[in-house]
């Protein structure tokens, strides 16, 4: 579906001045053809390869690209992702934008996969958040899926998540839930952010569908999970709030029995994966 | 100049479904007004505050915002950045997009500032690269400046930077430099990427204006700097290549006497700065 | 939030050639000021007034407009919606586009309100669908709310609605539901389209959250509702499929006890509400 | 010329969240291929089929489509319009947007054709107006042509149509016509809206090229036509003003001898034509 | 109506890198305020001043501008058009784009005015053509009006102009005219391009509304005009075809008695008018 | 790289109403195929042919085009540039936009080539400026290169060019240069605009990299060149300021020994090259 991102690709090529690459225009002959490889320098999970391919071809449709693996592939350092051939000038002028997409999105997939691995042995799953880079949400959410994570809300229309500010505005948890039940789209569950056991109880009594345990100490979280499971076995439980990507911390949170751990860091703080382009 | 980014702001609000915030629409009364603060949770350098302000006001011009400091400010945890007042619904629906801009850009400014501090006592300066997030280059480059860094090329049209692939294509360093001198815009200096002392010598003989020492061991780098300073005192020297943001490593690179250290990591791998919005 | 629709407004003014209104430019003096009223010619519910106001002001910021009522107002024929004053040329050149928004969206709100009235005395509520005009979805969905209807999914990301084609692809209702439960975002309920009582039973056994009774005869629908209420009292029930906007038909469907009746016709087939602009 | 509408198609796919179709992504296997038919459920005239095809292919170029007839075709209930094959996920995710175009535009063509048939036996022809949906004018005007109607002005630059507000502003019919003759582009005829026989006479004396009989009773209209034919046989006559789409009313208007009947309703109030997609 | 061109203004500021004006950012202090004048260096007619003003204010709303005259003004060398005050950096960074609009459009208005003056004493009027710069048509056509010219077609929808290629395609002049009369919008006159007196006669017999005398020698043109006036006094006559902007040539063409002379050169080959910005 | 200009092409086709070409739609049969040639009517240098080809194909992909030469070709009157075949309607409806691109850009290339020829026998080279048409910069700068000219700055980020207003703002030439050296990107040379020999001396003492001799008499210019060559042989010298495109004047300026002559006129005042489309 790279087609749907052509505007973003064009904008990225424009902001990089790909049409006025003075180095390439002055040092590389017009007719020169090249063969080059996209190589990954770190272990990780690939995302954004289809976008990178589309970037090269958006700049110059004479570039042809053979991908050796697909988005979602687990890779080792030195592995070749794709073979590129075509006019040397165009390959060079599109390189940086293509690699910026690929490195950024693979970074997200890779960090997600690392967090997912930390939960092995538990039933808990990694969720992303809406803390994404402006303009890149759908690509970053796809990268999370490629890394084995699951998507939380894509945007404000696809889920009711009642946070502290909503509770203040509505005048309490129960009231907020009953308002939401009456007025929100009927296909959406109602999740409530709780910071204490008292809030958890109130949310359960008001029949929240999902409880978000926010910024709780692990011990409190464990108590909350036990309480919820006993009271309302069908209610889903999400842990959130500065949990971070440390595997030990993640495992301890998972051990409390929550269903989901949502992590802003996998999108807003993922270091890029190192990828490069090498001429043969 | 937030005006120039209104398209990006609108796109970000759209991808977040800010017009269909089902939680807010169902739990917060239409007429409710609110007072809220933007608070930073970590020490750092602020960037993107003007964009965040423009985001709130793009969604609803009835929101008024008093900023207590400006982009570039050094902040401590708990510090209030801005006071917001206006319709509660609109404040809540714009919150995430505004904070995504603010957290991401402040993260870049903060990491840049940390690297700049590591160079104190030397003459070396921190440069960014073109390894930026697609669509956000000018904002990210501004964040680098706010953190005390200096901008390398904005795009492919504003500098000749001859890399290994260009050298291969042109048939050698000397040839590449002379082609560039003849054909590139006359206001642009010519920088050449060198990985060995032999390449450095060839670049100097061809009268490169700037030498980029790429992926060199610190000892080799020191020799290269000494050689260049003796041979061509006016030539500028940039160090690059997986240097990273470790302060000790940065200081050791700076101690070689290079003029610039360019760091992809300050844009492509900066963790966000934690900022939040709190209702009074 | 008319700001978020400025692109659409600009596009509409451009496609109407508002800058080259040869009639107005040749017959109306440059300096002439005018006073005019926006008047509604039919009884109905107003939607799109804020967009209409923004359209006039987008063409010429010297136009000032006093709105006498707000979107959502119930109006009678002859009622004045807004007073406009400003340069006569600009008022005339923006008129048609502004009225096209206003008439189209008020038409949707009005038809919705008529359907909502038909359900008085029952608990059933009117839902819209995704059968909206390309490019106008958020405006049309807002018009539905203004008419007293409730929004179904805004788009494909905010609800799992398993239709016949998904069931064929997944290999059966049970399988489709279990796949969705495992992989779809955890805040989304799962709705399943059923055409027979056998399908209803299978969906209930697989623990669907919502049952859509599609294209059923009213008698079958009544049996299905009774069956569902007995088997799973918490399951929500939606009726759909060529029900149309006839009040008697709507009342008979509501009488079956369904929770929701979704109507494509309120967005895809609503006649416009007649509104006009009159110079004083 | 579907190419010229790719922006609208992309926008429509984006607003429908076609990239995040959670139902399809979770229930339909990635590799599954499908065969499906686009079928029309009502008799009518087809418009928008080329746009619908372009929509499927914009989402995924691997979808291939064989159209069995072209825009403008007269169809019967149950007739297959096109055969679609390709990845099941993409077919399902593009379906609604493609059908929204097809149903809306075919609805306009169908209503137009019905009105055209009502004029059989007379010389009168059906015209559209500028009362179109914002953003869709050229598509809707094409649908009118496909239904056998003729286009009135595309926009404000292609015809001088002096209405009551222009007459007030100019200071009378004669003055308005002479101003327009002097200043409007020389390829444009001058049409004047008249509500009484007195106005008709004044317009003829000022040598209007076309007379629009607005909101006249059929008897008055007949008198006006006779008067005009006698006085100025070359002048064209258009009837307008809440005539509606009732065939008997249309026939009676046509019988007065007017050349054209313009109908806002064929674009602003056409119910959609029912089309659907069925998997084999 | 500068609002309608904000997209073009933003695009022009972006392509000029107005956010990264390295000269200004490094040499002008952040807080420095300035006073500056826009001065015209050549005699001419002003167009584009409103767009230039909007350009400065789009970059920075703190810039305030007092215009001393309006678009359409006739100016002498050295005349001040506007007084600008505000942040020095923003004034400098917006200067070039603002002046590019102003110089280009004033160049068109000035050349048009020169051609209009050459026709003084005759009844003939200057028309523009569709030979405009891609993306700037409405602005360039407005500049023609400001220079005293009259607009020919804005685009392909607002006038029937049958050229040689249409005549070939239709199978002759008479056939082409009768096809157009039957099918083209009824508010459009029919103009036919004729290169010989024989063609003129055929066009008149087929009742063309307007005759375009294309590439005719002045003597032939005079004969054609006489013939047309005698045969069909109401038919309008336009001269076209490489006439150019030489005043003597223009006067001789006007002396043949044509109603209009259309000139591609006033839009496609107008030299800019020299305008500059000077700091106090 | 015509792909990167598809937005501009679409916008140009839209502003020309290419979808509603009433002349063509009414006179040319739907099925008619045509063969046509693009022919140049004047001697010159071709630019914009690739864009023209993309324009035809953007309107209708069934049009096929064989180009007989490439952008940059030197042509004689009557030479055929390309053979076009396809649906007659689409060829006619795209013609004007395609030729507008081709004529405008070839006009720039042709005027540039004329100026370049005037410098034969000298070392001086022709530069363009930032005085380009809003929205067309990259295309116009490419046309300059095709004509044998060299590009000056693409935009404000790729070169430090200190003009009189910057000098005033900074407080003098020396100060401005030292500020720029400290803060501007390190790959950019520093050019200073000088109007007198005193300013030239100050700029040299402050170690400017490039001196722009602005609006100097040729004799002063010669003195300045001699002075600079003696004082700082590596400094580049550019002449600018109302030099114009007269070959004799250009040769006299070149004879002073400057390295570059920059000419706004080659972009802002180039008359179009006459090109046309002829049906076989």
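Observations on the structure shown:
Residue numbering begins at 1 within each chain, and the chains themselves are lettered A, B, C, D, E and F in the order written.
The criterion applied here is as follows: contacts are C-beta pairs under 8 Å (C-beta built on N, C-alpha and C of every residue); 3 or more make two chains touch, one makes a residue touch a chain.
What you see is a predicted model, and the numbers here were worked out from it, not measured in a lab.
Equivalent interface to D-E within the set C-D, B-F or A-F: B-F (over half of contact pairs identical by residue number).
The pair with more inter-chain C-beta contacts, choosing from B-F and D-F, is B-F. The chain with its Cα centre farthest from the Cα centre of chain B is D. Averaged C-alpha coordinates give centres for chain B and chain C that are 44 Å from one another.
Rounded to whole angstrom units, the spacing between the C-alpha centres of chain A and chain B is 22. Of all residues in chain E, those touching 2 or more other chains are 17-18, 20, 138, 151, 154-155, 157-161, 183, 185, 188, listed in ascending order. If you check the complex, the residues on chain D that touch chain C are 8-9, 11-12, 15-18, 20-29, 32, 34, 36, 88, 92-93, 96-97, 99-101, 103-104, 107, 130-138, 154-166, 168-170, 176, 179-180, 182-185, 188, 242, 264-265, 268-272, 274, 277-279.
Interface residues of chain D facing chain F in the complex, by the touch rule stated above, are 1, 3-4, 6-7, 138, 141-142, 151, 154. Against chain E, in their complex, chain C makes its touches with residues 10, 13-14, 17-20, 58-61, 90. Of all residues in chain C, only 127, 150-155, 157-161, 183, 185-189, 191, 209-210, 236, 238, 259-260 touch chain A in the complex they form.
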